[in-house]
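Next, two complexes with subunit A in common: one pairs it with subunit B, the other with subunit C.
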Partner chain A sequence: MNTPSFGLDDFLPVLPAAILTAGAILLLVSEVFLGSATRTYQALLAVVTSVAAGALAFSNAFLPAHAVLQGYAVLDPFSSFTTVVVCLGTGLGALLGAGFLKHRNAERGEFYALLLFAAAGMSLLAMSAEFITLFVNLEVLSVSTYALTAYLRRGPRPSEAGFKYFILGAFAAALLLYGAALLYGATGTTHLSEMAAGLGAAAKAQPALVACGFFLVGAGFAFKVAAVPFHMWTPDVYEGAPTPVTAVMSAGVKAAAFVALVRVFLFLGPVFDPEVVFVIFSALAAATMVVGNLLAIPQRNVKRMLAYSSVAHAGYLLSGVAALFAPATVAPKSGVLSASATWGADSALRGEALKGLLFYLLAYTVTSLGSFGVVGALERREDETKGNAWDLDRFSGLAQRRPFQAAAMAVFLLSLGGIPPTVGFMAKLLVFRAAVDAGLVGLAVLGVLSSAAGVYYYLRVVVYMYMRPAVEGMQTPERQWTTEFALAASALAVVGLGLLPGSVSDWLSRAGLIFGQ
Partner chain B sequence: MESPLVPYLPILAVLLLAGLMAMAIPALTTRLGPRSVNPIKSESFECGNPTLGTARQRFAVKFYVVALLFIVFDVEAVFLYPWAVNFRALGWFGYGTMLMFASTLVMGLVYIWKKGALEWES
Partner chain C sequence: MSAELVLFWVFAAAIVASAGGVIIARNAIASAMSLVACFFFLAGIYVLLWAHTIAALQVLVYAGAIMVLFLFVIMLLSLTESGPVAQLSPSRILGAVGTAGLLAALVGALLRLPKTLPTWVSDTAQVQRFGTIKEVGQVMYTQWLFPFEAVSLLLLVAIVGAVVVAKPRI
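Right, the complex of A and B next:
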């Protein structure tokens, strides 16, 4: 029996996830052994852990891309970038959580531990190059988020949200697993690269089997990224979950799921049937953009509005994914062994599309964390049962009462709407330009039009904050320095990355080339 | 090319047969069997005490906690057996890996212990 031998090349890439896990275990143990009344140290520990993991992932980005742990995972700039984004989201989410939980007297180590476990799952999910690894990490991240959704378990809303998310999430995971099993049945391997090599022949021999597997995997991912028509859970779960958890869900979970989707479909899509994949992603993108934006318009509940807006943003991201498979960039169907051999001439376009996607994920992470952070900072525990905790009226006259939070919220909303000089504008520009370059003019026009509709409901909140007098009886909780710090950092990132997008573009260019190596 | 699923054809046949039987037998009994309904027969149990209250009792959450913890440590045992069988072949590498795995679980045990999840009477 030969024992596998692993070296530093194998351990360094998974070290960020190991640090996150160790931090989570430390938090669990400290929670039961240190019974002190103030638990702010836990949030700080979670932040330190995610900063350490993020820094390590950042340094990993400079390593050459290589297979890790016998090809079950890969390290490339693509996965390192995602890990950094995830760690950023987790750190900011922990800071937002600190103030939120303090107000509810619910600060516990388990909250931060679950956040870190989820982050470890996300980091490894971005690296997974094999279906079982991918599924296990998807479950690590999902189970942690199910528990976090119902973290404040008193009251009907969190339990409804937690239960819905769990049932539907488990169903989607089962779909994905079923699809992966069918693809395994067709090709005899769970490794994505080997599967891509064998899929062409398998698709000829058993077209129905491969097609079923493909669509089931696609449906599982579409659920995780909340693409229309798999978005139904999003508003209820986002609304019912504690607001910092919603922030992390819309940022980190979405980013990791998107990256896994892109990796799986970049391997398998071109071999299966590029045309079908292209048509499906275009249709998903168009439906998601339009439906998400239209449903967000009538919402008076700001948290629910942001949930629908997150659906719409998944649509913009999907148009970037569709650009990856646009006819011009797709390789000939036969003889696909390694992606580089056949994508060749169009790798520049594909690189641009991947670059746009990753930048969008970064932009959306800081922006949505910030916007949900402000929503969380304004909601009072006493109002949650009344159902108006997130009403637009709560934002009336915010500019007088809380000038800083109002200004930060305005910045985040402008970024969500895609208005310069914020990062949201640059992100949309990159994604839509990739779509236009790939020949998807119609999709890009639809995206711009629907995001113009989005500006209406984003700016409505700004109007309430700056041009309406405060409504009586809408108290806001005390300010917490952790929340203010996280909001300031997010706002700074939103404006800074909007003005200087070049600061990350070198990295993104390398990340965009991963599959061309 | 012969489909790799062909060897599984008997399983499909058994599945279909089982489904058919499951439908046919109750249908046949209701159609053919003699029926005599009387009050004693319609009671839940013909012997023993008459039933009290509803069967939909609420259980204490500690049952679920214990069941969950059982599963966690059961899975650990599942991992330990093949490792123990191959202990020599895996060498120090296997030892280190298993040590890491087990220590993670021990931390979990410490956590639930201190948290009081193992206290039945409280």
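Right, the complex of A and C next:
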């Protein structure tokens, strides 16, 4: 019997997740022994916990990439950076949730506890290097988000959203697990690195089995990141969930799922068939960008419009993923074209694509949290069961009624549209530059064109806020300092990172960003 | 034909028959009981594969706990026998075609399996120890410690989530 031995080094990477879990348990216990009626301290406790976890993950990010915990997890700057982004999103989401729940008299420790549990799941998912660990951590984050989606059950919409998310999420998880089981059957291991070593031989012996496993795993991830044609659940779930939860879902859940997808396919894709992987991700990216933007155009419901826009942003991210697997020979940097195409981008291009992806995740996290935060701040409790709670008319004349919120929303919408000097522009620039350098000019052009279409529906909201008179009888939303603080911080980050992206993007350019590359 | 093979065919035929019973029975209770029988025979297959722990868990968890929940729900809903008789409708025909296609694909895939299946473990004695409770416990608490701990987090989250969703008012 081989007794495992763990050192301090093994626990360092899971420490952020452990802090988040401890904070969640503390919040659950605080709910039991609670005396006072005001519970703003719970949101602050959640913020402090995520800041502590994020700081620790930040210090981990400077360690070289290596496998830990018997190879079930890897500590690399890639996963640590994701944890920082996730903690940032969770902290901002908790602040947005404080005002939102207070207005609805629904502040409970369980809400913040589930947020922190979800963040712990995301952090662990980002570092999983083995299929069973990956699946369990994906479920930790999914189960917490299912419960958060159904947290406020007023009117039919939240129940529908929670149930739909649960059923479709379970279906996606089953697909992923089925695919992983087939790949295990083909190679006899669930560790990604060992699987990559054995997959080449297995693909020759049993091509159908390996291909089925690959497609099922890919479909499972495509569900989680809401890529077209697996995006059907997104608008209903995003609309029905409490708005701060929608914000966290669109930022953190998507970031963690993307990181896990990149990790799995970077290990297995090149061994299996880089050409097939490349074609599939390019097709997914093109379809997701175009369909997401087209479906967002006719929406008058701003929350639903932002849901479709999050589908479109998944498409921009997927074009970055496609650049990871682009054929190396057509890349301009690779020199003379050889007759036989070698598939799989070279390491410089791959580094550029990874940099673009991670920067985009950070940019989208601050932007999306901010925009959903303003939507949530404008919502009125009485209107929740009505159909027009998020109608464009709610934004008319916001610039006169709440100049700060209108200005912040304008900044977020410009960033979503990819207009300088916001962070959304820099992020799109990095991702599309990686795509162009990898030879995916067509995909990059499609991305730019579809984001130009996106500018229309983002700017429409700005027009309503600044150029339309307020509708009579529309009540001005109450001010909550927690919400305003979160909005101010996000807006500062959006503009600051847009003007000075250098520090982050330089750091992301370092070598050895991801384990095993 | 070895005794093992005979047992396999007995269990396999019983599984198919009881699984058919689940969808053919008009009485919901009879359908649920067929499912119990199906789970039991499946446990027999697990024993033949040297997976004693999974066989025991199959009987305890599926045939025991989960089926009791099924029966509770059926009795709470007080389903009667007079359900609608299956009628041909476009969606049913589509479903039948889809099922037949899936069956054909699975049979095709099975027929194309190589005659000699890959063996990753050559040591027969190790294969026979593999599924015992002792072996599973040892592997789970040493080699698979991290995923095991992650599962404990998952269970905690599931309990908290279930309580939050089931609370009458928030």
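To be clear about the criterion, the second predicted complex is superposed on the first by the 491 of 517 C-alpha atoms of A that agree within 3 Å, B and C clash if a C-alpha of one lies under 4 Å from a C-alpha of the other, contacts with A are read in each partner's own complex, and residues count from 1 in each chain.
Note that a residue touches a chain if its C-beta (ideal position, glycine included) is under 8 Å from a C-beta of that chain, and two chains touch if they have at least 3 such contacts.
The structure presented is a predicted model; accordingly, all values stated were derived computationally and were not measured.
Touch criterion not met for A:164: it reaches neither subunit B nor subunit C.
Residue contacts after overlaying the shared chain place A:468 against neither subunit B nor subunit C.
In the superposed model, A:205 makes contact with both subunit B and subunit C. With both complexes superposed, C is the one of subunit B and subunit C in contact with more subunit A residues.
Applying the stated contact rule after C-alpha superposition, one finds that A:32 touches subunit B and leaves subunit C untouched. With both structures placed on the common chain, the touch criterion links A:433 to neither subunit B nor subunit C.
Once chain A of one complex is fitted onto chain A of the other, the partner contacts of A:114 are limited to subunit C, with no touch recorded for subunit B. When both complexes are aligned on chain A by C-alpha atoms, subunit A residues 1, 3-4, 21, 28, 188, 205-206, 209 touch subunit B in the first and subunit C in the second. Considering their complex, residues 1-4, 21, 28, 69-70, 72-73, 106, 108, 110-111, 113-114, 117, 120-121, 124, 130, 132-133, 136-137, 139-140, 143-144, 146-147, 150-153, 162, 188, 205-206, 208-209 of subunit A touch subunit C. Across the interface of their complex, subunit A is touched by residues 109, 112, 114, 118, 120, 138, 142-147, 150-151, 153-154, 156-158, 160-165, 170 of subunit C. Partner subunit B is touched in their complex by these residues of subunit A: 1, 3-6, 21, 25, 28-29, 31-33, 185, 188, 205-206, 209. Touching subunit A in their complex are the following residues of subunit B: 1, 3-5, 86, 89-91, 93-94, 104, 107-108, 110-111, 114-115.
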